[in-house]
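Each of the next two complexes has chain A plus one more chain, namely chain B in the first and chain C in the second.
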Partner chain A sequence: MFPELNSILSSSPENFTEGEFILLSDRQADASFLIHHYLTFYLRARCRVCFLGLVQSFSHYSVVSQRLGVNLTQAKEKGQLVFLEALKASPGVLLGDESSDKTAALDYLRSPCPELRGLYEFVWNSLSRAGGEDAAESWGPPVLIIDDLSVLLSLGVSAGAILDFTHYCQATICSQLQGSMIALVRCDDEEYDEDEESSNYLLKALSHQCSLSLRVEGLSTGYCRDIHGQVEIWWRGRGMKNQRKIFQYKVHDKGASFFAPGTSRAVL
Partner chain B sequence: HLFSLLLTLLKTADLNCVYSPSDTSSYSGRDLLKYCINCALKREEDVHVLGFEVPEQELRSELDSNNKHLFHFHNAYSDPLGWRKQSSFTVEQFSAENITRLVRETKHAKASVLVIDSLSWIERHHNPVAICQQLHKLKKGGAIRTICCLLHMDLHQQGIVESICHLANTVITVTAVNNALYAEAKTTHRKKSGKVMQEEEFFTVMENLSLSIEKRPSQSGHAQVHSDAKVDPASNLTFNLRLSEVEREAKEKVALPFVFSQEKKSALLKKGQGSGRIIYEPDANDDFDEEDPDDDLDI
Partner chain C sequence: INTKLTRHVRDKVVEKFKAGTTHNCVCVRVCVCVCVCVCVCVSPAEEDQNDSYSRLLLQYFLAEGVVSGHQLYLASARDDPDDMIQTELASSSRFGHCYDLSKRMDTQMLQAVQRHTFYPPQEKTDEQTSSLGPYAGLLKSIQTVIHREGFDGSVRNVLRLGLHSLGSALWGDDVCFSESPASGHALTTFLYALRALLRSSLSVAMVTVPAHLIQVSAVLGRVVKLSDAAVALESFSSSERQTNPLYSDYHGLLHIRQVPHLNCLMCEAPDNKDLAFKLRRKQFSIEKLHLPPDLSETVSRVSKAKGESPACGSAPTGHTPLDF
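Our next item is the complex of A and B:
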């Protein structure tokens, strides 16, 4: 997790808002550093985490988390982390290998099944048990992290089906279990038309539902070695609680630093 | 002031109106929806909510506590598609018939108010034409006196937004102003006579669901009444492209290299000391004209 981001968001593993739906998005940039932040943050906070890894392997996140001081393998063994390695399980499902226990979760790969009901049930089963079989370990509120939703669009799932899935996740994990949900949507600049099956549409729809939104973009002035981009943080609320702030960031080997626009150490 | 007029109408009786707060993600129309619900409760009317988008406690909070028993929340939030086999109201059940039956089940005989949160959610699962038909049936049915629906304009194609708004007697479109510190409401109201009234006003929703309406937004430190049509390209940059007064003056003073100014002209026409002269000896083939070929030029 990134201490600077924690102070910007006024949260820490000991003290964070429950029942949040955090929407991460990027356009011409890579917001996955925020996924690593939240994964390590909630594991540190001793929450039970269900991670839907749809675009990278487990070892990828494991290596990065190691650098941020969290051991994913250990978390998995303790039962704190449930990790869906979709890439690894996909060939089995596509080739009709019935022995895989992940077949129901990855049902969406088999057209013409348009629903993500199987995936939702996987999430529900992972997070609904309070503390698991080992009663000695009582974990904090459940957390769902999805990396990422846009790839589902590419795999033929309709935007409506994705929104149904996120609706159910929010209704059960955030509202009922008072846990949190973090989802990443990646957008392309080319999809600026009225297309209802685009990431842009998904982003708009999810913006209505989220409580906190972090939008990552490249700098409008182009590539810069010392400033990797900017992130707009939007706390959604009524009146004074509705706040938008923009920060620039730089990703390092062991973290990321955030600063007000124009105050990068390279510039000052 | 149409908006305020409308809100007064909401406080008194009004027959068969479909109000439709339309919003975008930058400002939620749900506060206005809650305000409408509160008005109805204060008038001691039954309010039936088809709640798809937010849980009951979020909608119930801040409502008038005196008549909370008149507030009926039909839970379509927890299980709208039947995935958990514990649904109260599913999206499949959205029809004039089902809704009328639900509403008639309450003991009061008075015609009720129906609130739909939101139509956008239903539109993902039902044909827009079918939705309009059901709303029309409800309007004519008699069990429901007022229908108030929330629609997220930015999630639908314009044609769909227009069809639904066409059904409504009143459409209130809300957009954020000054980072959602307050909102602008564009109200279009179609009277029974057929006359259409339109109004734009600014409002904020306070903690206890009371509204503060102004014709113009209050002049705070960085308030803007209307956003400027021209976009300033030098804004929002991480380096400075603007000029100070001193810099601007100096810039004006710089003589551009290819502009033919008075100074340049006199410098060229003046014969400098020891400047080169051109000596030309015409040979036999030359048609040497002593006249100055540039004579007709007015330099």
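Our next item is the complex of A and C:
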């Protein structure tokens, strides 16, 4: 996790808001560094985490988390982390191999009309049992992390099905179980907003559902090696609690630094 | 390979490889496997020429594989892959890794290469039942080769896959001529599954895509995001070259759309993403179009105080970064 981001968001593994739906998005940039932040944050906070690995393998997150001080393999063995290796299982499912994964979680690759009900049930089964089988380890609130939602559009799942899925997850995990949900949506400028199968459309709809939004964008002035982009943080509360702030950021090998626009060390 | 692109891409994409100048020194961490996607966007007048630019990059990629002793897998719907391999580029230096476009590789060297090819006119086509559409056969073939040759287990060698012009109509895909393609997600689903295969094996793939033909605007963005590294070649039309003096020395621009960061938060970022390319007689060369913003934390501010040679008319003599 990134300490600077924690202080900006006024949260820490010991003290964080429950029942949050955090939406991460990017445009002309890559917000996946925030996924690593939240994964390590909630594991440090001793929450039970269900991670849908739709775009990278477990070893990728494991190596990065190691650098951030969290051991994913251990978390998995203790039952704190449930990781769906969806990427690696996909060729077998798509080619209909006999030895492939038969679980309903990967139904979105299977049927002529891809849908996410099986995936939702996987999430429900992973997170609804509080504390795991043995009561010796009791974990904190459940957390769902999805990396990422827009790849489902590339696989032929409709935006409507994705929105249904996130709605169900939010209702169960955030409202019912008082847990949190973090999802990443990756967008492009080339997509038209009117297109109902675009990431932009998905992003707009999810922005209304979320309680906190972090939008990562490249700099409008173009690529710069020392400032990787900017993050717009939008606390979507009511009245005074509804505020937006912009920070510029730079990602390092072991973390990320955030600073007010124009205050990068490279510029001052 | 002495083009800056390939050095650049090599640095970024295959930084886990320690191929260097010794062919048999392949670092074990090569299991971190990547997919490079080269998208070609052209101005309509230059279409044929531009498939030849991306095809050239593919040939550099495969030539490096021959010289390094890797196995090759080449799939093309347009040209017979066997012919493509026969016309591989020759090394121009004793130690390899530099290629001469005007020469062809020695047939003896080519014969020693273990290769696998996929040429749709020669493959039997099964019923297209999955969302892979016309690419189901290709994926199955790649999966079979990886498993049969042991790249997902015992073998300590690399499989280099070159997939030529995916998305074009010759593959049976209509994403290049229809605004609402029947196999709308076939290409992206294939690239997704390809990534999964690469992650589980000692292999690396380079895919070329005729970006200028793709009718659905969202598809190209998705193709880039499904690749680990992506590069776009944009060639100049003859009128552009005449009107803009900056472009007159080059044949086109090379955009770096995506830099991989596998197993790390952030890899070494390039200082400048504005590159231009020129096809010379013996090499495909890539150069920086301009200097990057002078913001690096390592730039010495003290050098401003030093005396500088006159800004125009003289050849640069000093070595400080601020000299013109």
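A few points about this structure:
As a working rule, the second predicted complex is superposed on the first by the 259 of 268 C-alpha atoms of A that agree within 3 Å, B and C clash if a C-alpha of one lies under 4 Å from a C-alpha of the other, contacts with A are read in each partner's own complex, and residues count from 1 in each chain.
Note that in this section contacts are C-beta pairs under 8 Å (C-beta built on N, C-alpha and C of every residue); 3 or more make two chains touch, one makes a residue touch a chain.
Fair warning: this is a prediction, and the values are worked out from it, not measured in the lab.
In this overlay on chain A, chain B fits alongside chain C without clashing.
Residue contacts after overlaying the shared chain place A:140 against neither chain B nor chain C. The three-chain arrangement built by superposing both structures on chain A places chain B and chain C 100° apart around the Cα centre of chain A, to the nearest 10. In the superposition on chain A, A:164 makes contact with chain B only, while chain C stays out of contact range.
When chain B and chain C are set side by side, the one touching more residues of chain A is C. When the two complexes are overlaid on their common chain A, residue A:19 makes contact with neither chain B nor chain C. In the superposition on chain A, contact of A:79 is made with neither chain B nor chain C. In the superposition on chain A, contact of A:64 is made with chain C only, not with chain B.
In the superposed model, A:90 makes contact with chain C only, not with chain B.
Judged by the touch definition given at the top, the superposed model places A:267 against both chain B and chain C. Looking at the shared chain after the overlay, A:196 reaches chain B, while chain C stays out of its contact range. Once you line the two complexes up on chain A, you'll see the smallest CA to CA distance from chain B to chain C is 12 Å.
Residues 227, 267 of chain A touch chain B in one complex and chain C in the other. Looking at the complex, you find that chain C touches chain A at residues 130-132, 136, 139-140, 143, 184-185, 188-189, 192-193, 195-197, 199-200, 217-218, 220-222, 225-226, 261-266, 269-273, 292-293, 295-297. Contacts from chain B toward chain A in the complex involve residues 25, 28, 31, 53, 55, 77-81, 83-84, 124-125, 152, 154-155, 157, 179-181, 204-206, 236-239. Residues 117, 120-121, 160, 163-164, 167-168, 171-172, 175-176, 194, 196, 201, 204-205, 207-209, 219-221, 227, 236, 238-240, 242-244, 248, 261-262, 267 of chain A touch chain B in their complex. Note for the complex: chain A touches chain C at residues 30, 33, 36, 56-57, 59-60, 63-64, 67, 87-91, 94-96, 109, 114, 150-151, 153-156, 186, 188, 190-192, 195, 197-199, 223-228, 251-256, 264-267.
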